[in-house]
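Both complexes shown next keep chain A, but they swap its partner, so chain B is in the first and chain C is in the second.
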Partner chain A sequence: MDLQTMLNYHWEAMIPEFIILGTTVLLTLLDLFWPPYIKRRRLAWIGLIGILLSLLSLLAVLPIEVVSILDDSFRLDSFAKAFKMLLLVGAAFVMLLAESYEPKEGMKEQRGEFYYLFLTALLGAMIMTSSGDLITLFIGLELLSISSYILAGIRKHHTASNEAAMKYVISGGISTAITLFGMSYLYGLTGSTNLKAMSIIMKETVDTQFLYLFGLAFFMVLVGLSFKIASAPFHMWAPDVYQGAPIPVTAFLSVVSKTAGFAIILRILLSLYREVWGDAVGAFSFFESNSIYIAFLAGITMIIGNVVALRQRNLKRLFAYSSIAHAGYLLVAFATLGGQYFLFDTFWFYLLAYLFMNLGAFAVIQVVSGNTEQEGIDMLTGLYQRSPWLAVAMGISILSLAGIPGTAGFIAKVSIFLGAFAVDPGFYVLAAIMAGTTVISYIYYFGILVQLFLRSSIIQTKPKVPAGINILVAVCVLMTILFGLAPNIALDFFHQHFGDLLDF
Partner chain B sequence: MMENAWLIPLIPLFSSVILLIFGKQLRESAAYIGILAVLVSFICSVIVLVERIDAPTYKQEIVWLVTGEVNITAGFEVTALNTLLLVMVSLVSCLVQIYSKGYMEGEKRFSIFYTYLGFFTFAMLGLVLSPNLLQLYFFWELVGLGSFLLIGFYFYKKEAKEAAKKAFIMTRIGDLGLLIAIILLFWKTGSFDFQEIFSSIGAGEISGGMLTLIALLLFAGAVGKSGQFPLHSWLPDAMEGPTPVSALIHAATMVAAGVYLVAVTFPIFSASSTAMETVAVIGGFTAIFAASIALVQKDIKRILAYSTISQLGYMMLALGTAGYTAGIFHLLTHAFFKALLFLAAGSIIHAIHTQDIYKMGGLWKKMRLTSPLFLIGALSISGVPLLSGFFSKDEILVSAWVNGNFLLFWIAMITAFLTSFYVFRLFFLIFTGQPKTEVVSKESPFSMVLPMGILGILAVCSGYIQTPWFGSYLGEFLVKGNKFLLVPAHSEGPAWIMAAAAVFSLSGILLAYLIYVKQTISRNFLIKEGSFINTTLINKYFIDETYYFTVGKTVKGLALFCSYIERFVIGGFEWAVTGTIRSLGSAGARLQSGQVQVYGVAVFAGLAVLVIIYALTGGLIR
Partner chain C sequence: MTFLLSVLVFSPILGILLLLLTSKQHESNLKMFGFIGTVPPLLVSLILYQYYASGASLADFTIKNNWIRFGNLSQYDAKLFTVDYELAIDGFSLVLVLMTALLTSLAAFASHSIKKEWKGYFVLLLFLEIGMLGVFTAQNLVLFFLFFELTLISAFFLVGKWGFAEKEKAAYSFLLYNGIGSAILLIVIMILFARAGTTNIQALTHIITIGGVPTIAPISATMKYALLVGLVAAFAIKLPIFPMHRWMVMVHVEAPTPIVMLHAGVLLKIGAYGMIRFGMGIFPEQFKSVAIYLAVLGVINFLYGAFMAFIQTDFKRVLAYSSISHMGVVLIGLGSLQAAGVQGAVFQVVSHGLIAALLFYLVGIIQEKTDTSLISDLGGLAKTVPRLSGWLLAGSFASLGLPGMSGFVSEFLAFLGLFKSEPWLAAIGSIGIVMTAVYMLRAVLDITFGKEKEKYEHLTDLNWLQQIPAGILLLLIVSIGVYPSLLGEPLQRTLDAIMIGIGR
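Here is the complex of A and B:
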């Protein structure tokens, strides 16, 4: 490869990544050279501008066709575009949250890092959505993971934060090991790390022994990566880490990191296994004969998430279980993909809805908890009397998370639910579990609503709401309702710009 | 403006939301926001009406939901019928809101009252604009909710609470019929859209029996909302709400929604003669039945409530005898004169703080403005010649006559006589004779008199849009361009009907005068006090009691039985389920020990289970 080939690549397709990288470098340097009296919180605004510029440039590259750089180490296809959009919007919101995050202690000296670590994590996530090679995918994954480990423990002198980071690192290590082990099988069987080259070899394989090994690799990669989306059996770290980490980091883990996790799972498993045979004679596709396992994991995840959430009194822990449950719902969609039915728009819409409703809720939690270290459900008691606007916003987010009609969460959940019936043979048991656990989830979601509206509060202090958070909450609530009433706005946008992911 | 007609309902909703948020700060100036919003709606409605006179029906829809093959749409439609109702509803709502500013003065939950009024107006205007049955049903229920909230506005009063509940439940019984009808129509035609449904009925795609069933179920919805027999008994109780609410909801708008429903789905009804006859008979019966109860009641608002039921029966009678124009015409004129009567009654109650007409008297000299306005309303409802009620009632009588149903015609005639008698009984007892209670305050404030004045003018003049002499503008406007409506713009009947109606109405007034002013005829002349008929009427034919002892008792028995099933069978099951879930939850929480090595074990165990199952089944589980 000579310089000419290098220069001939369409590097402009990577502008969103370059902007994030540039912003990260800029923030690092500013943090280093700015005199101490300049508040480091200003870095957040620069970071936010960087993310927004990146989002703009992503919109600018939307029309261009598939771009592949360096043998697919970087691929900009509609899948990448669709997911990057979610990641960037989510990260922008998290940045707003982080800007006004003001705990009692433990954040003074690390303010700068706090902001640019979000950016490196975001960069990792973006690479995860946008690569056609196992190596770069793995690098993206690790970039995200390592940044997140530090973020979880950013409050150096706060024990819970340290514990969270420690558990997160160890769990992450296990996850990486399992994922790599699975990937090594795949490399060993196909002799390549390029997804496209691998899938060509894999779909021509008819030997049952080989197919069996592909299956093992599939489970290892799936289980390893389920760490990122916090689904069973790799969900147990989530409650501890969510609880210990600073609130913006929790929000980041539950939204951006989870979205990236789904992106890499879909990217690797779908591009490799979509056309693999499910048995020796090719009567079934791989997904057709094995989606039952994914369904099983989805069912377990929904049950664990929703049932254990019933017993939680800590809001962040409750949201950890709620986010496990939502990963379960999304796995239902993954299970029903089943090869020929590619309900990618459903998937994307769910993540979009989840982004708005979850971040809306986290923003309110952060504001209400303020600089107290309170995180119990009772901190929301009588919020309606203290701050009607926040209470209503939280209420709408909760209703959407619970999947009540009129909100985006409802449309998202219903499309997945209907998808479970649309495939043939239908996943009736899974759909029943989904419906049943949704009902269970009403108990804890409505428990929050009761605290918000029906109890009178002992505390009379009104929470101070920074302007940034006000905007964030308003946008989240607005979008939750808008996409609940007119989901076609989002879906039309999806179909117009990303098509049916034919270039996947 | 017709393209933007969808804004008309949204403006009151907007004001209602504003008041919900800022109501506490605004206090009594909340009234201005409410009034302004609905005034804008009214002006827009008038513009739409004027535009619609020369333009065809305008309809705009968006696809709201796609389920399988079917697109469910949402939108709005500007037809001749609904422009009229838009104007009527927004006008009455506007006047009532102005009136309430004076009437509700000093009320603690003043802004809440306006919030509810705005919400109700939104729902009612939305109902009228709906181009399909599904949307109509949404607003239908929202209107019911608005009515529930407003009847129960004084929720600390036990009667108000009970009345709100009763109104909600009894109308729900009818709504169930409506819902089933909508589902059946969707099943049979695959659409909720009025035009599409009418087209498939026109093409004969639905069998006669099914069509009759659908029409009767639709009518059940109308019976509940419009307080027709046998679901009428909630309406008198609903008088526990504030008087402006009675004028707006329980005289002019919501109760008219049932009549509107029949009118808007008229092609379905006219396709089934059984359904038409049922509508006519129920309407006629309700008219005379409610009028007879009104003869002996002594609460001013309840008399007006029974009068409303009776007049709604009239409208149903008109529709059932193919008098489409007559029904709508009476709907409009009735809205004006009955709202006037209610507002005037409110003004009287405001002044002397009682609702018992036997405790009133001699108010003519005390209330110089309310009294003549009440008289105008009374004359109009009685059908005294040249006022609006006269023309619309005449139109109904003619349509009953032309339809050939002479029994119903004479029932309507006698009801006209009863109507003028009980209204003037009311009038003479309140305004003439010696005062029996001290008048607390003088004439009501300007904000209360102004709306009454406007309604007074309308009660006199609104009849001239459809007269046998100057032309049937209303009928032609309604019928023109509506290809599904196979009725004439105006029914021609013999001229003696008009004369006879006038005679019946005037003789009712005369009789009331002789009994209650001159007292030349004893009050016991017709019906002896304490006689069987008298007690029956005072107790409203014992309908409430009958319901209590038949439906109520049966339901209670059933409920007792069900509660045992609930407690032991369902309860046991529930206990088992919740117990399982709870223990699962605590097991899960216990497993979550906080030790990271446990988490690792869980992962490996999970992976191992998957791999082992996969290995044992040879990778083929199906």
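Here is the complex of A and C:
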């Protein structure tokens, strides 16, 4: 590859990534050279500006057609744009959370890295959404994972945080190994790591032995990647890590990292397997004959997440199980392939809704737990009397998480149900599990509401809310309700700019 | 004219805004604004009735706007997978809307007994009213579900915060039972939506009964039965049908009395409304074949409720079981599949709404004055508080079906229907009529003429203001009893349509 071809690439497709990369470098340098008396907290604002610039540049490149550079290893297609948008918005909110984060023991030494590690993680996630090659996908995945491992343990003098990081690294390593093992099958069978080239070979394959191995590789990759989205069987890290990690990191893991996880699952598995045969005669497609297994994983995930959440008293742990449950709901959409009509918009809208409702809740948790120095559910007791605004905001986020109509969470669930029933025969059992576990989830979600509104508080101090958090909470609540009552603002935007993701 | 229904449903927002602008401490202002907030819907519904009485067609008020569109399928059919904002009213809805608006006003009036947090209480009460009014006017299932859940959430908080000793437990069991009901309902709605591409009630009726319309995926004959059974089960929990009634007894005992007035008066009726409107309306063929089971369940409800009411020691429990028993009459009427029976069922919906509200209003006052509702603790009230006792006796006569009052008309019609179709069943069921008289008179006579209790010698009787609600309710009860056409005439067209649907 000579210099001329390099220069001829449409590098503008990578501008959002370049901006994040540049901001990261800038932050590391500033952290290094700023005199000690300058508060490192300002780095968060610079990081935030970087993310917002990147978001703007992403909006600027929205109209351009599919760009594929670096030998098809970097693709900017509608899928990438749609998911990058979610990642950037999520990361911007997490940055706001991180700005005002203040652990008990302080974090003077690590505050700088605290901020730019978010950016490297974000960069990894963005690369994951727009890779057309297994190698770059994996690099993106590792960049995200390794940054998150460090972030989980960033409170160096806090035992739980260290424990969380350790557990996260180990289970992450195992799951990565499994993913890689699955990928190695794919490479061995197709002789390529380029997704496009691979899918061409794969859809022409009718040899049953090959198809069997494809199936094996599929489930290895899916199971390995279930680590990123915190679904069964690799969900057990979530409760410990969510509990031990600093709250902004928990929020990051539950929103940005999960979005990236779904992006990579869709990217690899859908683009490779959508047209693979399920049997030698070609009577079934791969997904038709294997959806039952994905459905099984989805069902198990929903049941584990919602049932175990019932027993949790630690709020962050409860949210870990709730996040497992939500991964399960989304896997339903994956198992049903959205009934053909509701695939990408379902994922996108669900993750969008989840972003707002979850971050809204985490923002309130951060403020209140900083104020009360507790992490149990009872820290929310009587919050309505102490701070009606925070209590109402939390209440709306919780209602949305529970999928109550009028909130974005409901519309997202409706989309999944539509996908499950629009095919014949429908996924009745799976949908019934989803509806049933949703009712179970009412118990713990409404348990939080009971604490917020029905009980009176022992603690009387009013939580002080930083301006950044106030904005964050206001935006999240507003969007949760707006997308619940007028979801077409988001859905039409999606369809208008990304279509049906035909260039996927 | 089309704006009138939107005004009707959302006019309580005015009151909510007024309340939000008032200081938390201003008890009398809050109570006044809370009551004022319920006046606009009452006025609008009276205007609607006025239009109707003067011969205008209610169809003129239909409102229909684009609202939500799922998927990206508009190139095939602009209306595919859309949910409109559509409200309409017919005679049946009009009667229920009038009843809802009236009972909410009376409940707000009766809310002077609320002791704390008046602001939150009235805001939720008005949200509850929006939900109830919306339920009776929504023209598609998704919109119906939205309002339905709004009633669930607001009632949960109203019971859980302002109820008696076991309020939180009652609120939880209310939430869970109804949550299961809504989950079933949601699945039914989603299957219909996913397969037919619409949730409009008229369109669905056409697709299910006549067919000949291409659907996204087939709706087989078996599935129609399954969907109807799902619908009936969902509304059976709401109604409630034995053995899913326990939550309702708890709510009746633990909820604050104004909320019980609404709960017994309106919320339970949503179950009956749903069965008639959606069960009989959309699935007439299938409904015919399950009707006999409903009739049997109705007789069981009627007898079981009456028997349980007989052995209760708490007057509120007597009334709760009496409600269960009277809801059995609705099922008996519907299950008869006769014009008279169905008419009786609808009459019972309205009649029991008024009677239950009257009785609970009076019980609320008794409990406020004496701090108890145990029959054994009360006694001889006729001497000390003759006016209160008089109203109570009148209410109980209405409840036991004294001719000349509305209860008689509805029970008579319902049993007339059942005697035509299933004479044996009706014969067994009619034992319950006697039992109703026995348990009602036992309880009320004990309270009014039983052994006098010294501690109640100095009770103050009702003043004229407190007699107004009772007077209005009794006036309506007697008017319907003496001149049933008052109610029968608005209902006639809806009933005709239903009877044509089931082919009788």
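FYI, the second predicted complex is superposed on the first by the 495 of 504 C-alpha atoms of A that agree within 3 Å, B and C clash if a C-alpha of one lies under 4 Å from a C-alpha of the other, contacts with A are read in each partner's own complex, and residues count from 1 in each chain.
Definition applied: a residue touches a chain if its C-beta (ideal position, glycine included) is under 8 Å from a C-beta of that chain, and two chains touch if they have at least 3 such contacts.
Only a predicted model underlies this, so the values are computations on that prediction, with no experimental measurement involved.
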(message) Output check: A:488 vs chain B and chain C. Expected answer is one of first, second, both, neither. What do you get?
(response) both
(message) Touch test for A:267: chain B only (first), chain C only (second), both, or neither?
(response) neither
(request) Name the contact category of A:84: first (chain B only), second (chain C only), both, or neither. (result) neither
(message) On the A-aligned overlay, A:279 touches which partner chain: chain B = first, chain C = second, or both, or neither?
(response) first
(message) Once chain A of both complexes is superposed, is A:421 in touch with chain B (first), chain C (second), both, or neither?
(response) second
(request) May I ask you to decide whether A:399 touches chain B, chain C, both, or neither, giving the answer as first, second, both or neither? (result) second
(request) Could you look at A:499 and tell me whether it touches chain B, chain C, both or neither (first, second, both, neither)? (result) second
(message) Contacts for A:111 in the overlay, against chain B (first) and chain C (second): which applies, first, second, both or neither?
(response) neither
(request) Applying the touch criterion given at the start, work out whether A:240 contacts chain B, chain C, both or neither, answering first, second, both or neither. (result) first
(request) Once the two structures are superposed, pull the chain A residues common to the chain B and chain C interfaces. (result) 488
(request) Report the residues of chain A in contact with chain C in the complex, numbered from low to high. (result) 339, 341-342, 345, 399, 404-406, 410-411, 414-415, 417-424, 426, 431-432, 435-436, 438-439, 442-443, 446, 449-450, 453-454, 486-488, 491-492, 495, 499-500
(request) Within their complex, state which residues of chain A touch chain B. (result) 166-167, 170-171, 174-175, 178, 208, 211-212, 215-216, 219-220, 223, 227, 232-234, 236-237, 239-240, 278-279, 284, 288-290, 292-293, 297, 303-304, 307-312, 388, 440, 488
(request) Would you mind writing out the residues of chain B in touch with chain A in their complex? (result) 21, 63, 581-582, 584-586, 588-589, 591-592, 594, 596, 598-600, 602-603, 605-607, 610-611, 613-614, 618-622
(request) Provide the residue numbers of chain C that touch chain A in the complex, in ascending order. (result) 67-73, 81, 120, 142, 145-146, 149-150, 153, 156-157, 160-161, 168, 171-172, 175-176, 179-180, 183-184, 186-187, 190-191, 193-195, 216-218
